[in-house]
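One chain, subunit A, appears in both complexes that follow, with subunit B as partner in the first and subunit C in the second.
On to the complex of A and B.
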């Protein structure tokens, strides 16, 4: 067996275009699922028992379903209910829903790690509830929540390959479209894998810095 | 007769089957220092938390300087105020906790100026000036850039007292302020509280420090099973208790000291 990378320069622009869509999808899901996760976390800790139970049940459902199935729901199921989405928005919707519940668990355990005395002290001083949340409570959840948050972000990156199943032109899909024409699957797949590894490396680097930073904070500087 | 500065009347509070406050009434004059003593779990802390509505009482009424805490006046007298308004009322009442509850991600200075800026609308410069004065008063000038974790327990509690004072409260509540401290650090916190009392601050202090109760309090209230069973001058309650429960409690304390 010999590897022949001579066709790569020719298909490089197409691979880059695919990588661009992969980055777009990853960032969109990350940006949307973060507030989504916060919302889930707040609802998980709501004072109303029925609300907590409802969100727990939804969390169990959405984290239990294979992401591919969710993707099919968003792309093939929703049009029947009157909502037709293009492949990319459908993929963003499905993955954001899924990841919101994962992030929700991370953020909820981060919020639970802040001692109740913090909110009490803020309340005793008369600090308004929203300011207490933004300035007192949330900053203290970061050290505990940051490492699992970033490692889930790498899951998003890898998960974007599933979007190929609904014809999103992301990196894996682009690679497949190329090798069915060039008949050199191995070379194209190796290059695509390298691009994923590179993107993943960026996130790993972020994680490393994040962990070092949060360890410093936990040690009380 | 002028109405008392602080009045709590017939407060009741239960948690499930546990009755923390079983009809507690207490009045305080301006500048009075009342020490609340009693066994752990007798409801002493709940009394403080009901006075500033951190824990709303099930029934009863609290007034501080004529203002009914937690409720409106006139036509709105039977309606619980929105949380936003209760927080504004609470800003007038300082509270010091057993475990300090300083904000660990803020420096000492940030801990002090956060509420005056957020609630009182002070500028950073005004709040900082006030905070520096108070840190000086509690013997911690020069530590404003430190984080709470870098301070001893006694220093942290003095920062917590300064943080509460930074709001210029009219009443200070202390919830076992020295119970979490190493014995050698108790004195520095008591000294700050004593000087505060001498300046005329109205203080309600839940404490196990009998020396503080005897020397600084103007009155001592003995708490047992959700009730104030005896109240009076420190000399009377501590040296010559009338109620058998008070006698038993003080005997236990004396034996353990």
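On to the complex of A and C.
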């Protein structure tokens, strides 16, 4: 059998449209789940034991249930509770929720890696709490948290394919819609795979630059 | 929760759960030796083999699992490989799982001093013997935690099989939902069953870690 890529130019716009939705979804989840993850991390380290236990339990539930099931819940389950969402917002909501808990674990271990004496020293020097956080604690968590952060960002990118199950017109959905018409799945899937690999590559480049930037920053001070 | 609502769909849900269990066990049983072979091939094999395996593993790791499953299920027939959904899903999930798992296993081996491999060879220890008596006892305690995390991810990943028409737990739960218009009952029920499965794996991990500590007399 031979691969025949002659139909690809014809379906290229549809694939690009799908890739556009994939990028939108990835960015939206990345932008929303990052502060969500920080919130989870702070709650995981909160002084109240009941709050810590609650967040730990939620974290276990949201990281233990298959993402696909959570997507179905957001899309089919929430309307019963009076919240009907379009496919894309439903996917963003579901993915942001579970990614916040994954990010929360990363950030919590990053925060734990900063010795508690530093916050105490900053308090003793009369530095306001928010400035201690922004200027002293968080910058030091970056080197520890950046590699797992980016690898989870690629998980978000790859996870967006699941949104096809709730009818979000992203890249895998677009690919499937094409090959059920052309009857040549391999060619379309190879092109879609190449697009995913390219987007992964962009994230890995970001990680390289990010690591170099944070190393330079540390060396400079 | 309304039992009368669930009752008619209980047999389907249970058969879906059984398929999910089967799929999980089969993928784990097949992926583990393949992943170990890949890890050993990349660390100890001849350079061309190591290179080829590295390319293959990273190619699979770059792709969404769904695309890999589509490749097997929809792309296979184009190559003349027509198979049942369950077979296709198993092949796709094993390929994905083995690629990621080989990295976890390599991580454990990389903590060992390279000199130990050379020392074993210099002492004339047969390879299998060196692996079993020298290398694995040191690497296993390091491999178990990421391995079990991966196993849990793979169990959750079996839910993707529903996208290539395998009647697993996710598929049965969504089917019951769309018939009854009562989604959150069935989705919650399925969620609880998945949590139970990963709970079993977590308990197994605790048991294995304790067993390893006693067997190899590790500190802590």
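We adopt the following convention: the second predicted complex is superposed on the first by the 210 of 221 C-alpha atoms of A that agree within 3 Å, B and C clash if a C-alpha of one lies under 4 Å from a C-alpha of the other, contacts with A are read in each partner's own complex, and residues count from 1 in each chain.
Quick note on the criterion: a residue touches a chain if its C-beta (ideal position, glycine included) is under 8 Å from a C-beta of that chain, and two chains touch if they have at least 3 such contacts.
Since this is a predicted model, take the numbers as computed values, not measurements.
Once the two complexes are laid over each other on the shared chain, residue contacts for A:135 go to subunit B alone; subunit C is not touched. After overlaying the two complexes on the shared chain, residue contacts for A:118 are found with subunit B alone; subunit C is out of touch. When subunit A is checked against subunit B and against subunit C, the one touching more of its residues turns out to be C.
By the touch criterion stated above, A:126 is placed in contact with subunit B alone, subunit C being left untouched. In the superposition on chain A, no contact is made by A:42 with either subunit B or subunit C. Per the touch definition, subunit A reaches subunit C in the complex via residues 1, 60-61, 64-69, 72-73, 76-77, 80-81, 154, 157-162, 164-165, 172, 175-176, 179, 184-186, 189, 192-193, 196-197, 200. Listed in rising order, the residues of subunit B touching subunit A in the complex are 52, 54, 83-84, 87-91, 93-95, 97, 99, 101-105, 114-115, 118-119, 147, 149-150, 163-164, 167.
Interface residues of subunit C facing subunit A in the complex, by the touch rule stated above, are 59, 62-67, 70-71, 74-75, 77-80, 152, 156-160, 162-163, 170, 173-174, 177-178, 182-184, 187-188, 190-191, 194-195, 198-199.
Contact residues on subunit A toward subunit B in their complex (touch as defined above): 115, 117-118, 120-129, 131, 135-136, 139-140, 217, 220-221.
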